[in-house]
Each structure stands twice: as C-alpha cells, then as structure tokens.
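One chain, subunit A, links the two complexes that follow: it is found with subunit B in the first and with subunit C in the second.
Let's look at the complex of A and B:
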C-alpha cells in the first residue's frame, strides 16, 4: 500500500465539492447574461467592471466586510476572557461552562434566529423589560444591530474553542515566571500569555471572519429585508433575477476579498507568531 | 542579598492545610533546602515566599521588610521552576533579558549583563537560540541565568534538577552550589531528593504533612534525626526497640531484645523508659564470635552495592536490620554473625 492512497478519499472530496464548484463559479462569472437560459453565448468581463465600478456593489462589499470585522472584534473581546477562564479553571462547573459555550452549535441557525426575533422584536422580551423601566421601545432588529447580535451569538464558539485550546497548552508557570521577574499581572499577560495564545486568536479570528462574511440566513432573517449583504444579494441575483453570471461574480469578488484580508491578517500576525506555533 | 524570616506561616487550600505554623530563619548567603515527600508543603512554602500563593496566616520578611502582602513582581526574587518555564516565544537573550527589561534596564547595559550571566552559566554563543532548540541541561542553565541576572535578594529553586538525567543532575548540583557560594546569594531550595539536599545545603528543613520535623545541618539530620519519619526519609535506618538502663552526659546505655549497647541522645532519660534506637547501616559492623555489646543474628540476604555490601540480618527477636560492610567480607547468606554498634553513631529518637 502506498501511503498517499490514504489521502485519496479526502483529495477526491475536496476536488469534487470544492475545486470543481469554484472553477464552475469562476467560469460562470465570465459568461454573458441571458433571459432564456442560465447564461448566454460568449464570454465577457462586463460583470466584473460592473461590480468594481458601481458604488452600490462596492458599498455592499464594504458593509459585508464591516459586519464581519465587527462580529469578529466583538467575538474576540467577549470570547477571549471566557476562553482563558475555561482553559485555566479547576471549577467543578467546568463541564457545564463548556456545554454552555458549545450550546449555540446544538440547534440549527434558523431556530436560533427565531429565538433572537422573539427577544429583539419591538414588542419582544427585551423591549418589554425596558418598557417596565420606562425605556424604549428600541429598534433592535431588522437593522444592522440585530444582525450583528445574532452573528456574534452564532459564531462565538468558533472564537472561544481555538483560543481555549491555545491557552490550555501554555504552562501556567510561564505567567508566574514573568511575575517573579518583575512583570505586573498586565505586563505578564501582554508579554507572555497573549503572544503565546496568538495561534488560537489567529484561528478564531479567521474562522469567525470568514463565517460571518459569508453568512446568509442571519442577515436574511434578522435583517428582514432591510439589511443587505453580499450573500443576500448573491442569492437575490440567482433566485430572484436569475442572473447567474452576475451572482457568480459577486460571490467570487466577496471570496477573493475575504481571502486577501485573511492573507493580510496572516502576514501581519506572522511576526508575533515566531517561536510560538 | 538578604535574610529570610518566616514566622508562623500557614496555608490552607479549602479545608486542607498544606502548610501549618512554619517558622524558619535563613541567614544572609545561606543555602537552605526544604526536603520532604510530595505533598509535605515544601513547594507551597516556597510559593508563599515567592508571593505566588497568599498565606492564610503568618508573616514573611526579607531582611527587616515585611513582604507578606507584597506582590510577586515587587519582591526582587529570582525563581527557577521545575519545568524551567522558559518563554518559548523568546530567544535565550530575550528570556534572560526579560527581568532586566521589566526593571527598566535596557540597551547596552542590559546586553552587558546578559553576556556576563551567560558567561557565568557557561552558555556563551547560544543567545540567538529558542528554548526548544536547547538540551534539558542548557534550558536549566538559561532558567538559572534568567533568575540571577537581576541580582535578586533571594534565589528560590523548585526541584530544578528533577527533569535532568542522573549524570547531569550530579554535575548541576555542584555547579549550582558553587555558583551560589560565589555569588553569596541567600537561597531556598525545594527538593524531595535527600542526597541532593545533603550535598548542596548549609541546612536542611525536613517537612512532613505541612509541618517542620527538623531543621539542621546535613550531619545532624542524618545521624541525629528528630523523628522516626526523618530517620526513614533520609537514607536507610535501622530501628531497634530498647529499654534505658542508665543515661548520663548525652550517652545512654540501653538493653534490647538482642543485646545491650550504648547510644547518643539529645535529652535526659529515665532508666526503664522505652525508646527507639536508630542506627545507620554503615554504623554497624559485622564481627566474628560473640561479644557482650553485640547482637547476633542470621544473614538472610546479601546485596553487592559496589563500595559496600548490604547484609540483611534477622536478629534474635525477629527485627530485620541492614548492615553496610566494606566489600570483601566473606559472610554468606544463612550464616550466623554478631553485629557491633558504633556508639557515637547510634541515636535515640525522641
């Protein structure tokens, strides 16, 4: 048996379900539109010039990436302390806390979105409670706020888990050693613990960024048609307007921009990863 | 350099007392070991001194200064951990320079001090390496250099040699000890290895169950242990039940089931009281023929140890004792022998 044969099923899966569809989309994005078929005859770069020059689509791309950046930042700020605590705690509630972190993954994303709608609606639980205190009602959904809240909730575990993994592999003595060498708690964290948890932070950031940039159901349900992102518009193009070539172009532009940003992030954090990973 | 004073130190984790009412004085420049089995509270004591654990009660003083509530980073200590705890994302130079940077020493002054301490621990030329590219012994030296470079008032070592192989451990014992002497730095050293503590220490603190059983020089601890636990923990000990016949001037004559012999003692004893005599295997001698001051028994096992031979002998009353005789003694398993006690090295336990 050759060892590479063991990798064959995985390679076939990737080729079949990732590479070929992407190639298909790439080719599709250069097709001409047609009213009667999926695409018309010949090839064109018209789709790209339209996406890259029309301020509507550039604004859409910017909004989508802003959602992703905001979601990622909030997840990082909220998730890091949780991950750190979970990695270090000896509490007997540890298992319960762990289950709590994973719980967003236990139900489907649609169900969770409806959960948020119940909470965030104008006459929802939160506004009713605020009403008791004489506040509101505030518009918490069908706008970017609601979408961001739901994105954070759904993707938070993808930030917490990799960071927790990273922190768990750090010898707790390292922080103590830094303290004995004259570092305050804050400096010991900044100079030792934070750099050593960078591999986890990096994975978490990339995962949450990519997932939230490509999220469709959440902006769809909690945006209620008032919030547009690249994925919602792509689906509109495909399902509504039946403009497959243009939809493919939008999807590809989003993918490539996200990929470029991930690459940039990787390059920027590489220096701080030296000697760690 | 400073004196270390521990007064009535206790530390409890929940309901479990890890350290109970410990008093200890370490003189300037002294090397003191905390010795005991795992869970005896030695590491907890060290961590309290470092400020990594907060004592439940008691005081810790560096010189005249009460540091009990002082945060670790302000205590001016150097500490070496069992796992070395080198920062994996920093080169050797930055690991050692870390303490200097935290104390505001930077630039050429820092470089000079890093170079000097690397010279002391004989690691010149490894500045640019990452810790994972070093051997265990080299990592140990880096950890030592990192702890010493800030010229701390107190050096704390937590089982620093436990992860090294036997040969390197022997070498590092002498290295650390001579370095400590040269620098004259007050040192508290935690170990569970009794020979390590005897080789290295000015004084040894023997701990069991969170309490100090004895503080003394290596020879005190070895030949004049305060308790049975200490006697058994430090090397091999023969315990012989006996009755005091007479006692004066620190020497007691005792009668045991297998003979009468004299023993050193640290306290006055009343004739007729029951005592336990502790005799080290090498303080016993095999003799041929019967003698009034000797026990007789039968050799049940013989182990060759190199420089000595270990004989296991069952005495008349069934007590099993161990005798270390110099090699070349021809006594064989099953033979009957007499055993003579060196009275200057026999000791009555409290």
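Let's look at the complex of A and C:
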C-alpha cells in the first residue's frame, strides 16, 4: 500500500474546502456586481477603490482594528501574570486552575455572551452591586465598553496558554542567577524573564489580535446593533443582499490589513528578541 | 512563594473570577422562579427547563446539533488520524508545509472560511439546501484538533515498541493494530471529543452554511438573544454547558487536560 494514501483524505478536504474557496473569494473580489446574478461579466478593481476611498468603510476598518488592539493589549497585561503564576505554581489546585483557564475556551461563545448580558445589563448583577454602594446605574453594554469586556473574556485563554508554555520552558534558576549577580527584581524580570518568554507573548498577541479582528458574534450580541465592525457589516451584506463581490472585497481588505499588522509586529519583536535568543 | 506576593495573588484571583463568573452566572439564572432575568433570583424553580422542553425550535435544534456533532467527531477523526500517522511516521520532505496545511483551518479566521465556503457551495454545488455544507464546514475546521492530539500521542509513545513487535515476528499490519493503535487510542478519542465540542458550540460556520429554516442550538440561542431574553435561554445554556463540560471532564479523565494545547 502506498503510504501517502494515508494523508490523501485530509489533504483533499483542506485543498477542496479551504484552499480553493479562499482562491475563489480572492477572484470574487475582482468581479463586477450584478443585480440579477451572483456577479456580472468581466473584472474590475472598483470594489477595492470603493472600500479604500469611502470614509464609511475606512472608519469601520479603523474601529475594528482599534477593538483588536485594545483587546490584545488588555489580554496581554491581564494574562501575563496569570500565565506566569500558572507556569510556576506548585499549588495542589494547579490542575483546577488550568481547567479554569481552559474551560471558558471550550464553552460556546453565545453562552459566554449571554453570561455577560446578565452581568452587564442595566439591572444586571454589576449595576445592582454598584447600586448598593450608591453608584450607577452605568451603561455597560450595547456600547464599545461591553464589546471590549466580552472580547477580552473570550480571547484571554489564547493569551495565557502560549505564554504559560513559554514560561514553563525557562529554567527558574536563570532568574535566581540574575538576582545573585546583583540585578534588582525588576531588572532580572526585564532583562531575563521577559525576553525569554517573548515567543509565547508573540504567539499570544498574534492569536488574540487575529481572533478579535474577525470576531462577529460578540459585537453583534454585546453591541446590540449599536456597534458595527467590519465582520458584522460583511455578514449583514452577504446575508441580506447579493453584493457578493463587494462583500468579498471587504472581508479580504480586513484580513490583509490584519495580516500586515501581524507581520509588522513580528518584525518589530524579532529585533527585540535578537539580543537574547 | 517569594515569586507571588499577596497583591499579585489577589490580582490573579480576580482574573480567574473574571474568566469563570460569566459562565457560572447562567446556572442560577436558569433556576430562577421569576419572570425576568433578575439577580438575585426570586425563588427557585425548574419551570424554564419545562419551557425549553415545550419549545419545538429549541428541542429540534438541540437534537440536530447533537447529531451533527457526533457525525463531525467521527468523520474528523477518520480523516485526520491517518494524516497524523503519515506525518509522524513516514513523511520525510516538506514536513513543515504539510503541518501548516493540516493546521490551516485552525489558523485562518473562521468567519472568512465561512464566507469562502458559502460562495464556494453556491457557485459550484447546490447551495446550502441540505446539511452537507454545514457538516463539511465543521469537519474542515475540526481536522486540525484531531491532527494535533494524535500527533502528540504518537510522539509520546514509548520509543521502539513498534520495532520490538516487528522483531518478535508481527507483520506491519499486526504491529499497528495490536501495538500502535491501542497506544494512540486516547489521542484519537480526545481529538474526537474536541471535535464534538467545537462542532456543538460552533456559530461562525453554522450561521452562513445552515439550510434555510433550520437551525442548530447555538444559532437558535443567538437568534433568541438578539430579540428577547427570558430565563429559557439560561436553561438552554445550562444544558449545553453541562454537556460540553462533561465532555471536558471525560477528556481530563482519559488523557489529562494538559495534552490539550492551542
């Protein structure tokens, strides 16, 4: 029996249902629109000039990327100490803590959004607790604040897990050695631990950024129609009308911009890693 | 414990609360006797579970999701397991390229994959009139998870046991069936369970690829939450949560959650 036959079904699946559809969507973005069919005859670059000159779509692109940048930064600041603790703790609750980080990831995104609706609503738990302290009620959802909170919650595990993996592979004695040789706690962190955990930080940042830039469900539910991002507009366009070529262009412009930013981030952090790795 | 002074531990505890509270809150809400989603609940009752059982859209969506997730779990493991074996045992040239191909569906944004598949099925096939496009979409995005768990099971096998079986006279096929397969079975089962959860909870693929007029459980819940929310949604969420978390628990028993990496 030929060995490569083993891999054939999986390769065929990915080629047929990922590769070809992605090529197809790229071709679609250059098609002309049509009122009666999926697309009209001939090719054009007008879809791209329309996205890149219309202030409506540029604004959407900016908003979407701002959400992604905010979510990624908050996840990094909040997730790093947790990842570090999880990698280094010898508590007997360790397994449970790991499950605590992992289980939100394995719970449906709609359910997690629903939980946030219950917590953030005007008469929700948080506003009621604030009310006891004589504060509020504040408007915590159906606005960018609610969307950002839920985005951070949903994607935080994707920041914690890679950083944890990378901190685990650092020899704890390295930090101690730096301290013994006279470095302050902050200096040993900044010069030894932080650079060595850079690979984990890098993959966490990329994962969270890409995921939050393409999030659709969270802005829909926590935004309550008040918050528009690129993915929500694209899906609405595709479901409501036959503007497929333009929808394809919107989706591709978002993905390519996100990809370019990821590339830029990779180039910037590579330089900071070179000195140590 | 010099690494973790008290203020930092408090911060870490707060992050865990942040991670778990939105999930846990759904459970007391579903047992609420009152008419609205209010906290604290006004008495306890199972009425919203009864309301779920009497809601045809929710029950049929639940059964459909369960069926789809089972089929997806089986198909994804049948397709991805041989690919993982090929990658670990036989592939010599172009390994990184092959691995990236297998992981591509996980690395690409789900919404984009979903849109690409919507176009693809409408242009070249019969559109999204049957469940087939949805199932195919789910299988494609779950292949990487089975691939990852099976490759890690293969790497964790004690070295040399296969050769030992062959030396002792087993045929290649017998060595695979009697030695390799039992040793990687837990990896396959874990992958299949992950595929089950991913499919059961999936919204991005299902939303665009579902046939008109039908719905899976997360989609039904999603539509419901856009227009109104009474505690029926909490009951549905709790049921779905119980199902996925018991699968997670099983994975932990069989394989240990630590093997699940992303």
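In this text, the second predicted complex is superposed on the first by the 259 of 277 C-alpha atoms of A that agree within 3 Å, B and C clash if a C-alpha of one lies under 4 Å from a C-alpha of the other, contacts with A are read in each partner's own complex, and residues count from 1 in each chain.
Note that in this section a contact is a pair of C-beta atoms (placed from the backbone, for glycine too) under 8 Å apart; a residue touches a chain by one contact, two chains touch by 3 or more.
Keep in mind the model is a prediction, meaning the values are calculated, not measured.
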{"item": "Clash-or-fit label for the pair subunit B, subunit C on subunit A", "value": "fit"}
{"item": "Which of subunit B and subunit C A:233 touches, first, second, both or neither", "value": "neither"}
{"item": "Partner chain(s) touched by A:61 [first = subunit B, second = subunit C, both, neither]", "value": "neither"}
{"item": "Contacts of A:113 with subunit B and subunit C, given as first, second, both or neither", "value": "second"}
{"item": "When both partners are placed on the shared chain, which of subunit B and subunit C touches more of subunit A", "value": "C"}
{"item": "Touched partner set for A:182, first subunit B, second subunit C, both or neither", "value": "first"}
{"item": "Partner chain(s) touched by A:173 [first = subunit B, second = subunit C, both, neither]", "value": "first"}
{"item": "Which of subunit B and subunit C A:192 touches, first, second, both or neither", "value": "first"}
{"item": "First, second, both or neither for A:76, with subunit B first and subunit C second", "value": "neither"}
{"item": "Shortest span in Å between Cα atoms of subunit B and of subunit C, once chain A is used as the common reference", "value": "9"}
{"item": "Partner subunit A, residues of subunit C touching it in the complex", "value": "3-4, 8-9, 11-12, 15-16, 18-26, 29, 37-39, 78-80, 82-83, 85-87, 90-91, 98, 101-102, 104-105, 108-113, 115-120, 122-123, 136-137, 139-140, 143, 147, 197, 200-201, 203-204, 207-208, 218, 221-222, 225-226, 229, 233-234, 237, 240-241, 244-245, 248, 252, 257-258, 260-262"}
{"item": "Sites on subunit A touched by subunit C in the complex", "value": "3-4, 6-7, 9-11, 13-14, 17-22, 24-25, 28, 38, 78-79, 81-82, 85, 88-89, 95, 97-119, 121, 123-125, 128, 153, 156-158, 161-162, 165, 207, 210-211, 213-214, 216-217, 220-221, 231, 234-235, 238-239, 244, 247-248, 251, 255"}
{"item": "Residue numbers on subunit A that touch subunit B, as the complex places them", "value": "171, 173-174, 176-184, 187-188, 191-192, 195-196, 274-276"}
{"item": "Parts of subunit B lying in touch with subunit A, wherever the complex brings them together", "value": "50-52, 71-79, 81, 83, 85-91, 98-99, 102-103, 130, 146-147, 150, 156"}
